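Following this line, the structures themselves.
Below, chain A partners chain B and then partners chain C, in two separate complexes.
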Partner chain A sequence: MIKFISSICIISLLLATSVFSETDEEKGFRIAKESYESTRGYIDSKSDQIMILIDPKGNEVVREISGKNLENMDPDDGDKSLIFFNKPKDVEGTVMLSHTHVNDDDDQWLYLPALGRVKRISSSNKSGAFMGSEIAFEDFSGLDYRKYNWKYLGEENYEGEMCYKLESYPKYENSGYTKRVGLTDELLRARKIEYYDRKGDLLKTIYFEDHKLYNDAIWFADTFHVVNHQNDNSTIYKWKNRQLNIGLNKKDFEKSSLMRLAD
Partner chain B sequence: MQIDSLIEKSLLKLFSHKIKLLFFVFFLLTIFISGMRFLETPSGYRGFVENEFTHYKNITDLEEKYGQIDVLSYAIKPSKGDIFQKDVLLLIDELTRNSWQTPYSTRVESITNHQYSTVMGDDIEINDFIKNIQNLNDKDLLDLKSKALKEDSIVDFTLSRNSLASLVNVYLQVPEGINFEEPMVFAEKQQAYFQKKYPEIYLGIAGTVQYAHNFQTTAERDSTTMYPIFLILITIISYLLLRSVIASLITLLIIIFSILPSMGSAGYLGFEVSPPLIIAPIVILTIALAHSIHILSIAMTNMSEGMNKKEAIIESIKINFVPVFLTSLTTAVGMAGINLGRIPAISEMANTVIIGSAFSFILSVILLPILFVLLPVKEGRKPILVLRYLKILGDLIYKFKYSFITVIGIISIVLSSFLGNIYFDERWDNYFDRVPKWLEVKNVVDKEFGSSFFLFADITTGEDDGIADPKYHKKLEEFTNYLENQYTFINVTTVSNIIKSLNKNMNGGESKFYDIPDNKALISQYLLLYEFSVPYGMDLKNQMTANKADSRLLVRINYATATEVVKINNEIINWINENMSPYKTNGLAGIPIMFSYLNTENAKGLMRGLVFSFFFIVIIVGLALRSVKYGLISIVPNIVPFVLGFGVLGIVSGMVQGPHQTSILISLGLVVDATIHFLTKFQKATNMGLTAKEAIQYCFKYVGYPIIVASVCLFIGFLFLTQSIFISNYIIGGMCALIIGIALLVDLLLLPALLLLSTKKV
Partner chain C sequence: MIEYLFQRKILIFFLGFLFHASHIQALDFKAYGFIQPESSIYINGEGKHGQDNYNTSLFGKGTFISYLQEGDAKFTISTIGRFDQNDNELRYLDFQKFKYEYYFDDVTLKVGNEIVFWGVNETFNIVDIINQSNLAENISGTKKLGQPMTSISYSQDYGTFDIYLMPYFRERPFSGKEGRPRLLFEVDENSITYESSAKKRKMDFALRYSTVIDDLDIGLSHFYGNNRTPVLSPNPLTLKFDSHYPVLSQTGVDIQATKGPWLYKLETVSAKEGSERHLGAAGGIEYTYYGIRNTQSDLGVIVEYAFDDRNDNPFNNEGIIGLRWSMNDVKSSSLLAGYLFDMRGNSNRFQAEFEQRIKDNLKLFLDLSLNGSIDGTDFTYQFKEDSQITIKVAKYF
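Moving on to the complex of A and B:
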């Protein structure tokens, strides 16, 4: 709660001083940075995740995974994550390890139980669809201010709350987007982001819902609701049983541990 | 006669309120004309088919699952050597990158951005097939070429088998009700840019998007180039025929106010300006012109014989009211038969003409007399020369009536023997062969890739992740082998290709592992890995459903005629029914299949339409003349032109397509007109107590000239239509001109002879 109150104080203070010299770019960057930093300090986390893919006719497909994350304190590098695939049945036991990088290709290893081997995949794949959903891998780290150039566009009322409207442009050259327009509320929580594709057309919107305050310090949205405006598909991505700072073994996040973890 | 006095009374009433009426008529016309703003731009080939048509529904069902099938393809072919040269690859690479900017694009596939996997032990790299082009040396280029030719999903899709040509395919998802204008404008800019930058490399725009776009541009080009010239031409003709500026002005007004409100009504009815609709104004024009010429020429003849203007026009309307009504009616009935065909765009054209013939009738008997009385029409000089020749002709026919009948009879029998050469078929792929740019790119794509048209088949398993089952891939392989043995199919691509190459790469890149593994879980895991590895717009959503229950295969089809395609598809459906279980599929879907079935069913529908229209026209003529004898006689001059016309076609080519049939229905109603005019006058003359010989001379005097005039105008109108760059319009124009030309000769030479023979009182 202290963090919550203090952040409000800081914001008010900054808002008061911003009148003087800050450009829209600086202000956008500052808010994005503060927003990102407000989600930091989780050390590590684990959660169950459920993903529902919905086509325009309303047909649903369910995917279930669980994940572990390890925060990277290096200001120039990204976090590490493990994804355990549970459903559909055929991919049960598959594990993916990612070492993400800020503006570079990620390192990824995949353990395929049916093959009994770990494969390293290198590709510029951050823009691809995540398990056939409307979410791209790059969207998971979409709050990382270091990956974008920012611009503050003004204030906008969203669901009765004042939000900062921020425009951002990806720095990563293989990004699937040219532009994003997002709303961040006064608690520095992202509420929604609109994504524009390579030709500058609106592609999709992610609505961040079910915000929960974890460990009395960090807000996480436990639902991503993604609507693709071009093909009318949508995806609902839910986090369950999210736990922070649980003392995960750092060694689990190395390639050599993948096969062991799968059992 | 009752009707005559009714006409006289009504016209006199009309004249006494002429100014008020004139305003009222123009007010009504304006309301109709304003509907033109609702005329819709064509939706490409989709306007050629009803939404419920099975083989179109197969396409839309497929699109709902896998995205739109429409593809914008750039064909690239260097003037020398194959495409594995630096500048060619640089062009393809830049074009590929730019193409992501294409409006409504969702996916871009080319040889450069093809997702290619390479293996180093347990490291798998999935990346663009060709990159860093500037740094490639000759050995690299050769190496790329040999690798490319081994990739199933490159050869015949983005690279021709001989490596001489390449395609960049841009897939579009265009919202309903929006045409391909924007993407095509973008594509043409790209084309211009690259032609300037690389003048040695051919770059053409092909694919179904260009094909669909042709429907729009040909209609536009036809209407902007053909109409103005045609209108001027007709004005000149009507002046030459009537020898009066005012009379030709009246004609022009009747024509314009027959055409515009008809097009406006078409707008209110939600019709599209697709290429066939271009025909409508031309046919309406000729109908209105014929009506005006018939009424005006007799009115002016009356004036030269001493009647005043009102009397002259009233007498002319008395003579012409019934034939003008009947000719409008028969034209409409002929057109109505076209509605039994299956192509909405052509039915819309026919229905617009039906509306137009109603307008031209009403205006000819209401607006025309008012204008005639209001405007200072002077009696024209009589075409004495023509009348003299017609009189001589009448005498000749009387003298040699048997010879005329025999000669025409023999010609008919000889030509009808060529009718045996005729067979029904259709080539939907040649619709735009008169568009130079399209023909050019088509020749490149067809030669190097077989065709730019694809067929698809949705093969469903009915259970989630069913497509990971090795049994499914066995079936796909059987189906692929079966299809590839059909001579018209060039190659078949399935989701198996991806799994095979993944299996190879997961096993150290050894080619003996280019096969489907016998393990469903492994296949699922491969697919999962693949999905994680490909960038935006390169995923598998265009070939498998999200629940992995269904996948679609892709076939490139070589040119085949409609009959061939229908036959092959029926065989395929049989094969599927016998061999595909437990998997299900509706068989192949795609534009080639759709058009083949559409045209085949359209041909059947038009046949029924022909029977329907012919039957009703004969009845109308019989009823109008209140005589079975004349009804039967009228059949002869109306069948002979078609026998002769199609006999000529039998000599020239033999293939009868939908447009040929449509041309029968269009010209049927028009050809009958001359017969009706001739027979009504002949009847009138014999009723007046003239002998058959005198009656013939009477007919030649009063209707010979207008019939010639009307037929010549129709002939010119349809001949003009052969300037259309849309092949169906070209065929319709040519056939109608031929038939109407023959019909004129038959009406002048055979009909009088027949009448003379059938009348005892000589």
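Moving on to the complex of A and C:
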């Protein structure tokens, strides 16, 4: 009996060491990868998006866009997206096409209705404010584990649920951040990420809310609530009418189609 | 008048088509536009030809897009118009777009008025040729007239071919007698000649191949038809300019390389008018500093140069140094400023455009155009006294 117990002890010890032999960096990477992979398989999607920009006095400004996304099945390359700008009215009719890449600059084109012209634009401004909001371009691909180095910091209780606490450091040299500290729950959904600026100071927090299970398979947060701790602005970013796997035409996501999609 | 009738014919044709299509299914459409009062002050006082030192103008644009046949087709109307206090050539309505498009898998078929832009440069768009420039609007020719056409576009992974057939030519509008800036003489609308015997009914033809190879955007184009730029010659009897439109055969190449914050741009043309061939090249570099001084602002620096081997071309040796400052704030404030100079050193001009959203549906524009020293032999000498400040407020709906 003692022999049996001790062998169980040894086996569990072996199991434990095999788990514990995973470093914090490896564990962080593994969770981030699993979390990212849980959002894959959407094939394509479309949605309407509303942003409410709120200044410290409580004044609100509304932005409206609609978007289309195409999943890239190549694990070494990024997805493609189209953004149609609707509000403010002075940018209505503008369309942006992005081909994202994992290890390279994205390709971006802008259709400008006033000039009837498609312009290839630099995509180096990933840290720039998106439409004057507290969201940066790089936040949209913020769950892509390949763009960061990871570290597991432990478990933390958040809104009554156990979450993994993960620290991540952007690999991209022009990132606006030096560090992010995030909480990912047991369903592998990001719940909250704190962003530290280039000087290492806390810049903002994004709270991921209104999680919804799409197509019985993929969780998406339908609200990003962004609070900037330095200028006290906040942004509420909402996704509406999100639909996955709807058979969008792959060719819509090419430069040559921008004129078709525009006015 | 003929032009008006022609446009009306197209209108009737399209409306007939639209109603025919729309009774089959509910109309899925969107419409938007703006109206924009403008006010200009000419800081050198009265013009060379006695024009007013103050001008007001009302500009507007409306766009209507209807999606037909379950998204396989689209009908678009985009109209601009202006009513100007002083310049009667700036009282117009133009159908920039008035087109029906049908989408097959790899092919897009398009009939009607369209705006087509070719090229990559910010300032010297020498490859761009499809649409006529409205020089009454501005002397840099960036405001266009809608071009009637039938076009077919064929897209594959290796690139896109566009074919354009343009059955109707649009003459270039110039500033009228009271316009500022204006040419030495008025352009006589009753004294226009063409090299082509078909005149404005000549079937102009264009072909373009464009492709993207990694960070390169490449376009090859050929145009054969009435030149959009007329040859103006003063008529001693009427004291107006007679204009002559030669037939132009122009091959163009435009390339942009996008390398991180660096954009490298080049446009070249080889063109033949009559028996004379000329070459032109224009290109430049654009670099953007993102997040200057740890703010959300971006600062872009643009340098462009244009060369043309014709000595009488006003842009045969021109350069521009420009700055583009985008604040990326809630008001989308931005400033574009450029110093345009003749490399022979005898004329220069400074231009600046500031814009800022004042309210959700209201945007303010401030334009400044200052002429510097201009040599008496330079083409722009006739505009020397036309430095101006313009304020515009656009109301979007």
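To be clear about the criterion, the second predicted complex is superposed on the first by the 240 of 263 C-alpha atoms of A that agree within 3 Å, B and C clash if a C-alpha of one lies under 4 Å from a C-alpha of the other, contacts with A are read in each partner's own complex, and residues count from 1 in each chain.
Following the convention adopted for this analysis, a residue touches a chain if its C-beta (ideal position, glycine included) is under 8 Å from a C-beta of that chain, and two chains touch if they have at least 3 such contacts.
Predicted model only: the values in this text are computed from it and were never measured.
> Once both complexes are superposed via chain A, do chain B and chain C end up clashing or fitting?
clash
> In the superposed arrangement, which partner chain does A:88 touch: chain B (first), chain C (second), both, or neither?
both
> With the two complexes superposed on chain A, say which partner A:160 touches: chain B (first), chain C (second), both, or neither.
Neither partner.
> Can A:110 be said to touch chain B (first), chain C (second), both, or neither?
A:110 contacts chain B only, not chain C.
> Could you say whether A:58 touches chain B, chain C, both of them, or neither, answering first, second, both or neither?
In the superposition, A:58 contacts neither chain B nor chain C.
> Quick one: classify A:174 as touching chain B (first), chain C (second), both or neither.
A:174 contacts both chain B and chain C.
> When the two structures are overlaid on chain A, which partner does A:137 contact: first (chain B), second (chain C), both, or neither?
After superposition on chain A, A:137 lies in contact with chain B alone.
> Based on the superposed arrangement, let me know which partner A:198 touches: chain B (first), chain C (second), both, or neither?
both
> For A:75 in the superposed arrangement: first (chain B), second (chain C), both or neither?
After superposing on A, A:75 lies clear of both chain B and chain C.
> So, A:230: does it touch chain B (first), chain C (second), both, or neither?
First partner only, chain B.
> Where does chain C run into chain B after the fit on chain A, at 45-53, 99-107, 117-125 or 207-215?
Only one listed stretch clashes with chain B, namely 117-125.
> Which chain A residues are contacted by chain C in one complex and by chain B in the other?
Of chain A, residues 53, 55, 61, 88-91, 113, 115, 117-118, 120-125, 127-129, 132, 174, 176, 198-199 contact chain B in one complex and chain C in the other.
> For a test of understanding, state which residues of chain C touch chain A in their complex under the given definition.
Chain C residues touching chain A: 32, 34, 63, 65, 74, 76, 78, 96-97, 101, 103, 105-106, 108, 115-117, 120, 142, 144, 153, 155, 159-160, 210, 212, 215, 217, 256, 258, 260-263, 288, 290-291, 294, 296, 298, 328-332, 357, 360-361, 363, 394, 396-397.
> For the complex, give me every residue of chain A touching chain B.
Touching chain B from chain A are residues 53, 55-57, 59, 61, 85, 88-91, 94, 96, 108, 110, 112-115, 117-132, 136-137, 174, 176, 197-201, 230-231, 233.
> Quick check on the complex: what are the chain A residues that touch chain C?
It comes out as residues 53, 55, 61-62, 87-93, 105, 107, 113, 115-118, 120-125, 127-129, 132, 174, 176, 198-199, 251, 254-257, 259-260, 263.
> Where on chain B is chain A touching in the complex?
Within the complex, chain B contacts chain A at residues 64, 67, 100-103, 105-106, 122-127, 173, 464-465, 468, 506, 519-526, 528-529, 531-541, 545-548.
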